[in-house]
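Next up: the structures, one after another.
Paired with chain B in one complex and with chain C in the other, chain A is shared by the two complexes that follow.
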Partner chain A sequence: MPYDPSKPLQDRITDIGPKNYEEFLPPVIKKNFGKWDYHEILEPGVLVHVAEGGDKVFTVRVGGARLMSISHIREIMEIADKHCGGFLRFTTRNNIEFMVDDQSKVEPLKKDLLSRKQPGGGFKFPIGGTGAGITNIVHTQGWLHCHTPATDASGVVKAVMDDLFDEFTSMRMPAHVRISLACCLNMCGAVHCSDIAILGYHRKPPMIDAEVIDKVCEIPLAIAACPTAAIKPAKIKKPDGTEAQAVAVNNDRCMFCGNCYTMCPAMPLADAEGDGIVIMVGGKVSNRISAPKFSKVVVAFLPNNVPRWPETTDCIRKIVEVYAGDARKYERLGEWAERIGWEKFFEKTGLEFTHHLIDDFRDPAYYTWRQTSQFKFTG
Partner chain B sequence: MPTVEFKGKTFNVDEDGFIDDFNGWSREWVDYVKESEGISELTEEHWKVIDILQDYYKKNGIAPMVRILSKVTGFKLKYIYELFPSGPGKGACKMAGLPKPTGCV
Partner chain C sequence: MKHKTPLLDQLESGPWPSFVSDIKREAESRTKNAKGVDYQIPVDVCDDILGVLELTYVHKRTHWKHGGIVGVFGYGGGVIGRYCDQPEMFPGVAHFHTMRVNQPGGKYYSTEYLEKICDLWERRGSGITNMHGSTGDIILLGTHTPQLEEIFYELTHDIGQDLGGSGSNLRTPSDCLGKSRCEYACYDTQALCFDLTNEYQDYLHRPAFPYKFKFKFDGCPNCCVASIARADMSFIGTWKDDIRIDQKAVAAYVGGEIKPNAGAHSGRDWGAFDIQKEVIGLCPTGCMAWDGKKLTIDNPECTRCMHCINVMPRALKIGKETGISILVGAKAPILDGAQMGSLLIPFISAEPPYTEIKELIEKIWDYWMEEGKNRERLGELIKRKGFQKLLEATELEPVAQMVKEPRTNPYIFWKEDEVEGGFTRDIQEYRKYHLR
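Let's turn to the complex of A and B:
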């Protein structure tokens, strides 16, 4: 029954939800579901889970670019058919996991995965992402598909992962380091709760397209979208001389969040020189030892230097190296920074502390200032 | 911006088929759009939803929240979907000539 545009509701199937995951479980996982005894990381990227009855499942984790062609997915399927009985899974950080039920199948799988390269030379399936290393970067759409970004996603992620590739394939960090990227401060994904976060940032207020604003926008929504109340209703003169209902932006109150553009297409603010990247650090979501934390801004601005973002990769490399050399075992980046004190974090990493980093957003900003004489001299 | 001619009227529409100006709306527009929105015959109930959306927009400058639309029309969301298969935003607001919904939609 092909789709008939003249009868759109005929034979329409709806509300059937996703497939039941049990349909896609490898036999060894289905058999031992809920009966796992313990697991080990055999080497970077390779895990073994042992079930109560003695069954084992070996997992090989490989990096994925997240943004993939169907031909790449077909290649993933071909590998799964060849080695894993046609089964595979994706992780919550968009890595790919191939599972086999016998140790003898691990080496051929690994050899096959590492033998596959992109025409430009990059690994198609680099093995790693386990334990105390740096796994995949959770990221967003960027210039590829979104209309509100202040930076790119795929491009920055590729540049950073190239720079940190050795950390993906090894486990030499004090604890795992989660890096995330969001291309605007809508923060789709995990930037607000990651060890290191890369965030797209604007530095100029929106322009107002007088010609169309009264037609394409619901003006009260644009006004209500502003967290600092910088937008007020106003009458403006249109290019054709008529008067129209519009808004006025108080540029002194605007902090360039872009929320108004999300609500109102006539208020664009993207700007080639103005836009760039903010670096945040110290967030986590687990409850291990310390409670979950938000990440904090430590670098107010880095330029969008396409296509390799050298300032961003250098900055992240520096933070990672200092953390890896200074933190204690099991200590996440945020726990380390809080233990040594943020003034020591800035001293050790060599990052510049600027007035941009001091919270000034409403009452809670006060609690981020220092109400104690306890501090360390630095510099 | 492409234009649409229908029964002697001209409408400017964007790539999603929303008209560019609420003031350019006329009843012919609804007749023109209904097919692409999966509606064969417009009933009084369709017009009730369209009228209420337009009144609310004229008065408040925004489209009503779904709960308000339900409460004022007396139609539950499920029934609004039966009237407008694409839903209150893409279907009813488009036919009523309101601006395209924005935000993370």
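Let's turn to the complex of A and C:
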């Protein structure tokens, strides 16, 4: 019996949660669950895990665009049916993994994956993303689905991954490099804790839509949404001459975070020239050697130069090249920058150090200034 | 194609999979409709999504209206409403709501399951997805309001599958692949994730919190699901006893028979493996030694950072007495700055039925639901009220592991009952001995 809109609560099933993952485990995974002995990366994109009893599972990892059609998913399924007994998985960075239980099945799978191209010549299933390379970019909705972005997500990611493609399919970095993107500073995803982070940012205060603000906003929420207390209650004159309760924005205190717009539809701030990209570097989440680190702002603004964001791809390429050439084995980008000192990071990368990069947000800002005479002279 | 897209067309070249080519493929598939699908939303939805995105590239400003409140009866979340701000130009995406579907543990799938999701989404949605959303959900991207109940009905009745979370509630928990395919996993991340997701279905579907709350489950301190940065409560696997050393395998690494770090650096010549330089010298606590024959680890000094195990996975194994560290409060910058999780529980057992873990979760929720301000994340509540208040609420004793360092300022609060004689004093009594 189908859904009956006249009796919406009839036959309603709720609170059943996700499917049990055990239904979806390939037989070799199910059999050796919790009994893995060791693993090896046989080549970029290809892993083998060996179980205590000697069973092996070979994994071929391929890049995913994250945004994908059901036609593409059906093609993934076709591959999984043909080579992997109808099982597959996705990674926490939105790559796709195909698993087989015998080495002889790896080459045919790889050949099949690499033979599949898009009309523009791109790979549908590029193999890579393992070891000390550059894997998929964790990213957000951008202009495709969100109302608060300051940049696109899918377009920027495509541009950057095209530029860094050779690093996806190789393992020549000192350590793995995690790049992520968020289209506004809500930072959905991993921008605050990535080796390199691309962040959409505004540079103009919100406009106030006097005609509707008193109807569509809960004013106290908009006021409470501001981290710098730049918003206060104020009367506003509507276009029809009447007065309404609204807010006033102190432009000198506004740093364009956009959180008031999140709370109040009458305070839009997106702007073609004002909006663009901030680059952050040096974050990590693993506890390996050093503790997890936040990423730090190193480029305060790059323009939204559609459709390929050349300033952004050039900047990231430059950071990656200098890091790859200078850092020690196992050293994450943030560990390298801290070891050589941030002044050396700017010297080596040639990035300009501007006043925007000096923290000025509340008490903790002080701890980011330099309370020591230890520093290096740079040219 | 229905709309000209000269800017987006430039994103069809290059080696990385192009989302533009993929959406065009779906648009063509819908136009052709080889299977005779009875499409429930406009056939040209994919054409219109490309059209509106192209216009966005021209204007460099999003063309989605603010907000959008839609959903299914019985639930307060799970669907993100979205409306185009040029509905006449792009009627196919006048409504373009997202449905979050709770993914399975480790994101393992059978094609049989995915086929059902694809069939449902082809008929009732745009055919566009995100695999996956950052929190973990399967994202079904783009449908119209009247389809929401229909989709939910078919999801639950035909596929046995529920929605994920959105709003001020428990969001969809997610995990690293854990014991399914990793020798580092210190507990069964998938089992705990599945158990807690089911235990707290009500909190997930019906927002009852001051703000959002996320769980993530990492099997070890490598943090492959980034719980320490992206979950209000992060569950990170660890162990209490000794790292297990296979000295023969260590010798094989030193002898060059096994590649360090499982071969992760093989794209470049880093020279022969040097255990002194690459392992002993990089250990953050300096608790390892290599005398040319034998590797020793002073385990009580080890902080379980995983480096040596990551470099020599065939020789070094996690301990056998395993469990979880629990860290709390991670969040993105809004409002008062980004936070990573702070250590609350150094070690807790991770065996079903997870009673101790659930008791802790519920104590934290009781405290935050009572004290948290509107749209205040747990991490911000802890900052505002102090870590000590969280300890009181969770009935935990303070231990030195909870801090990176003791406080530097002496602005120390004492409770009245900790101080002899209490706080109520008589100035007259004081003046008897101290003339004004």
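By our rule, the second predicted complex is superposed on the first by the 379 of 379 C-alpha atoms of A that agree within 3 Å, B and C clash if a C-alpha of one lies under 4 Å from a C-alpha of the other, contacts with A are read in each partner's own complex, and residues count from 1 in each chain.
Just so it is clear, contacts are C-beta pairs under 8 Å (C-beta built on N, C-alpha and C of every residue); 3 or more make two chains touch, one makes a residue touch a chain.
Just so it is clear, the model here is predicted, and its values are computed rather than measured.
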Exercise for the section: Name the contact category of A:352: first (chain B only), second (chain C only), both, or neither. Expected result: neither
Exercise for the section: Please indicate which partner A:360 is in contact with in the superposed arrangement: first for chain B, second for chain C, both, or neither. Expected result: neither
Exercise for the section: Figure out whether A:132 sits in contact with chain B (first) or chain C (second), or with both, or with neither. Expected result: second
Exercise for the section: Tell me which partner A:186 touches in the superposition: chain B (first), chain C (second), both or neither. Expected result: both
Exercise for the section: Look at A:8 in the shared chain and tell me whether it touches chain B only, chain C only, both, or neither; answer first, second, both or neither. Expected result: both
Practice task
Once the structures are superposed on A, label A:227 by its partner contacts, choosing first (chain B), second (chain C), both or neither.
Solution key: second
Completion exercise
Between chain B and chain C, more residues of chain A are touched by C
Practice task
Scan A:265 for contacts with chain B and chain C and give back first, second, both or neither.
Solution key: both
Practice task
Applying the touch criterion given at the start, work out whether A:219 contacts chain B, chain C, both or neither, answering first, second, both or neither.
Solution key: first
Handout entry: Shared contact residues on chain A - chain B and chain C
Key = 8-9, 186, 221, 265
Handout entry: chain A residues within the chain B interface of the complex
Key = 8-9, 186, 212, 215-221, 245, 262-265
Fill in the blank from the handout: Per the touch rule above, chain B residues touching chain A in the complex are 20-22, 38, 57, 60-63, 85, 98-100, 102-104
